[in-house]
Amino acid sequence: MELTVYLAGQIHDNWREELEKKAKAKNLPLIFVAPQTNHDRSDNIGEEILGKQPSNLYKDDAASDINNFRTQVLMQKADIVIALFGEKYKQWNTAMDATTAITLNKPTIIIRPESLIHPLKELSNKANVTVETVEQALDVIGYIFE
Amino acid sequence: MELTVYLAGQIHDNWREELEKKAKAKNLPLIFVAPQTNHDRSDNIGEEILGKQPSNLYKDDAASDINNFRTQVLMQKADIVIALFGEKYKQWNTAMDATTAITLNKPTIIIRPESLIHPLKELSNKANVTVETVEQALDVIGYIFE
Amino acid sequence: MELTVYLAGQIHDNWREELEKKAKAKNLPLIFVAPQTNHDRSDNIGEEILGKQPSNLYKDDAASDINNFRTQVLMQKADIVIALFGEKYKQWNTAMDATTAITLNKPTIIIRPESLIHPLKELSNKANVTVETVEQALDVIGYIFE
Amino acid sequence: MELTVYLAGQIHDNWREELEKKAKAKNLPLIFVAPQTNHDRSDNIGEEILGKQPSNLYKDDAASDINNFRTQVLMQKADIVIALFGEKYKQWNTAMDATTAITLNKPTIIIRPESLIHPLKELSNKANVTVETVEQALDVIGYIFE
Amino acid sequence: MELTVYLAGQIHDNWREELEKKAKAKNLPLIFVAPQTNHDRSDNIGEEILGKQPSNLYKDDAASDINNFRTQVLMQKADIVIALFGEKYKQWNTAMDATTAITLNKPTIIIRPESLIHPLKELSNKANVTVETVEQALDVIGYIFE
Amino acid sequence: MELTVYLAGQIHDNWREELEKKAKAKNLPLIFVAPQTNHDRSDNIGEEILGKQPSNLYKDDAASDINNFRTQVLMQKADIVIALFGEKYKQWNTAMDATTAITLNKPTIIIRPESLIHPLKELSNKANVTVETVEQALDVIGYIFE
Amino acid sequence: MELTVYLAGQIHDNWREELEKKAKAKNLPLIFVAPQTNHDRSDNIGEEILGKQPSNLYKDDAASDINNFRTQVLMQKADIVIALFGEKYKQWNTAMDATTAITLNKPTIIIRPESLIHPLKELSNKANVTVETVEQALDVIGYIFE
Amino acid sequence: MELTVYLAGQIHDNWREELEKKAKAKNLPLIFVAPQTNHDRSDNIGEEILGKQPSNLYKDDAASDINNFRTQVLMQKADIVIALFGEKYKQWNTAMDATTAITLNKPTIIIRPESLIHPLKELSNKANVTVETVEQALDVIGYIFE
């Protein structure tokens, strides 16, 4: 039984590569999908496909059309969603992806540092499991295969 | 990850073949499905299977039974829907297929020429992405696989 | 038992007033809701609330945000949807509203002139009932209360 | 037709009172519901009902049980959701409430200052309408009653 | 708490009147809705609204458009469905209405004579309760109000 | 694209074998599933697994538990449902299976002889397509693959 | 805003009356519905309506038809479900009602004594809130109206 | 056609191994999934992944997060659910899993000894089939493949 895991969350470090490497080391039968992790590509995709927009507002809106399209396709394929929150930035996309997953009854794991316990408390409470490290998230998924 | 794409829209030129050829050239793992594109076959299918009907109204109704059956089967298999609007004809089937897809939460791309911006504005607004060319629609889908 | 009826369709003549007057004459316990029928107001509502947009494309998109918001609120309240197609214009909003209603299992009546039988055949086939006059549509609704 | 509006968002100023006063001035037939806006009460509600918890993590989790219960009851009653983002704090509850509303097909308006266009772009794109002021949000709702 | 009860089933005797009279005698707070019980009106409604059809097949199809429209509106309002099967006729509408109700999670009671136990066994098995008399069906509903 | 077809309907002649043979002759990529077609096995399955029941009522109820379980598993796998009505018997299981399929949005074809037009009119009207012969039903399905 | 609360759980003491009295004392606008709390009536209702059954198994099955019918009607009306577990008996109906409510997205409160923490841990974890006393459950509901 | 079967229920004897062995002996094309059956691992999994918790309540809650995550993933993959009740313990997880499956329209078989007829009567009544032995449950599933 192969499971598809959507990796929502920040794109400012290589946590996805780390997680995928550890999953492979444990021989877990997982397929990983994710948002566009090249930040510039993600911000510019609207103009790169649709052409120059009249201002940043419209550039952002054109990019988000296409980013949301991508996420919707991939999340519908996912059996599990992991959402990682880091300490920097607003990360509203991560909150949006985690909430979408939960509302659609996708089993969902949140990874967040201890410092974010308070601001994330209602969302953590709705997710299935909240952990602090990538390693713990994989342990939770690995438990399915025991 | 292979995706199935339903190609709704006009059947008066060969845009589907063009799109499929470009997809193949880009090695995108896509399977394409579509309505009946032989216009005469589509109009006559009711009488060809069920026999002569008493008037054009009933001939049309018999054909649409079978065309709607086909579309329902294939759209339920689709991960993505592309709906292309051209400048001629009423194209209410295209509007119907796009709306059905959107209401069923199928990720949906509309292709339409600049001249149709105004009459299509509410439907465009509900679709995930609206573009002007087949090439751009493929770029949007290709972005999923980056 | 009071029923709410959403009146989708063209806004270029006074068919809604006619229908409401006839419903009142028959003492049918119906509440009518509808899209914005002042054409200019509907086209300009985006700029009137959000301010000047950089071009017609963005003006249209801003208007359609708000028109779609209105339709979504009111259609969710509706027990029945009537969609009237006239002979002019693309009327893709009418096709979109009728299809949304059908996909959401709202009982739906289409009113269209004989000249539109062929281009509307697949959508007519999915609606519950297709008639040619406002009077007939009311007869269908009146039948519920017999 | 009376509509119930859930007011998600920050609880650090009196925007809800302002909005309710303006709605009353316009005679809009709206009922407003909202999360607990007394910040201390919201943070302490878990311990106030369930008793002292072993640490802040558990205090937060107990509070969020009850805050999420309240939100779920009230949002299920809502016809419309308004989510206001301010410039301070993480506001992940606001993002969670807006996303839940959108995923459940509740018509949703986002209010955010211009400075938040970029970080909110994907969520804005999924909402029905995004505006910058409370007044504009009310204009959008008022448009339903024209 | 007032409940709406849809009375599906044969229209060849006055069981609905009998049931409504008994409900009134017991002061049960029930509102009853039902299909058209005037058999001729039900068979002819298509032609009476839409005009002469080319043959019995089309006359029947036109009538069923409107009968199904009526049933869909009223069943969506129903809290409970009662379906009564008698010994004569095919009664496929009764089977269709009972099955629709069950599939939509409407609490459903079947009334049927002992002679129909065998042919109705799978449908009975899916309904909530199967009884033999109108009186028993009312007892089951009355039990809700104890 | 392989499609699974559930063959609901009478078990008193070999129409399923005939249909499967013709499908094979046309090289249609179809997998067929069906209810238990051994009539005695179907009637006795309850007692054969659960032991002697106190009367025919309970024997029938035990059998229908298991027949309904089988149908639910297989219909959930089906992309298409064909329901064939013959001239004999009540065939309420066929009506139940067709209605379940339609209510679950499974594309559905009804096969019935001309003599059953009138009693089946409302159910026919809800199905996608109604035909008179097994050959025609296969033509409708074959049309998907053109 | 009036809320309907379904009170699932044991019927061996008068906790419902106690809870309703306290709700009234706090002026909470709540309507309470519940299963049949007369234990004998609940066990015998099948035979009382349908007549003598051949053994206890069938007597129980007849009763449960009607008890499940009642619960389904009332729970569909409920905005909130409270499920109280006591220390005696299996109480599988309470577990079933709580789980049904949770799966249907009804906001759910579990009341259970400390001694039941361990056996109820997975179900508690899925409910919105778990408390130990009737008073606490009312506090949670009262919080909605602050 | 391969089917996935979720085996809910007690983990105090080896009934799952017995059932899987018999399924293999009959060549039934079944894949079995189940909750964690190592009782200690199931009770301790929260602390083993998340670290020491402040008391048994929190240890249990942490474990149930992860057990519920596992069950949700696996049950979403299941075509059929079998829930076995034994005579010991509260077994509320079994009741919860069976009810979740039934509410999600998963075809469900309950296995229980004769002694549990009365306390399980309402849940049995909602399941598709109730049997007394593992052998009978397999006979029911085997019947699908006849």
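Here are a few things to note about the model shown:
Letters A, B, C, D, E, F, G and H mark the chains as written, and numbering starts fresh at 1 in each.
We adopt the following convention: contacts are C-beta pairs under 8 Å (C-beta built on N, C-alpha and C of every residue); 3 or more make two chains touch, one makes a residue touch a chain.
Composition by chain, UniProt nomenclature: A, B, C, D, E, F, G, H = YtoQ family protein.
Fair warning: this is a prediction, and the values are worked out from it, not measured in the lab.
Any chain touching chain C that also touches chain F appears here: B, E. Superposition of chain A on chain H using C-alpha atoms only gives a rotation of 90 degrees, nearest 5. Over half of the residue-numbered contact pairs of E-F are shared by just one pair in A-B, G-H or A-H, which is G-H. More C-beta pairs in contact connect the chains of D-G than those of the other pair, out of F-G and D-G. Chain G has its Cα centroid 38 Å from the Cα centroid of chain A. Chain E has its Cα centroid 31 Å from the Cα centroid of chain C.
Centre-to-centre spacing of chain B and chain H amounts to 44 Å, using the average Cα coordinate of each chain. Residue positions 65, 68 of chain B each touch two or more of the other chains.
According to the touch criterion at the top of this document, the contacting chain pairs are A-B, A-C, A-D, A-H, B-C, B-E, B-F, C-D, C-E, D-G, D-H, E-F, E-G, F-G, F-H, G-H. On the side of chain A, the complex with chain B involves touching residues 31, 33, 36, 38, 41, 45, 48-50, 65-66, 68-70, 72-74, 76-77.
Those residues of chain E lying in contact with chain B across their complex are 54-55, 58. Contact residues of chain B toward chain C in the complex are 56-57, 60-61, 63-65, 67-68, 71, 89-93, 95-96, 98-100, 103-104, 116-126. Here chain B touches chain A in the complex through residues 1, 3, 79-80, 105, 107, 109, 128-131, 136, 139-140, 143-144, 146, going by the rule given at the top.
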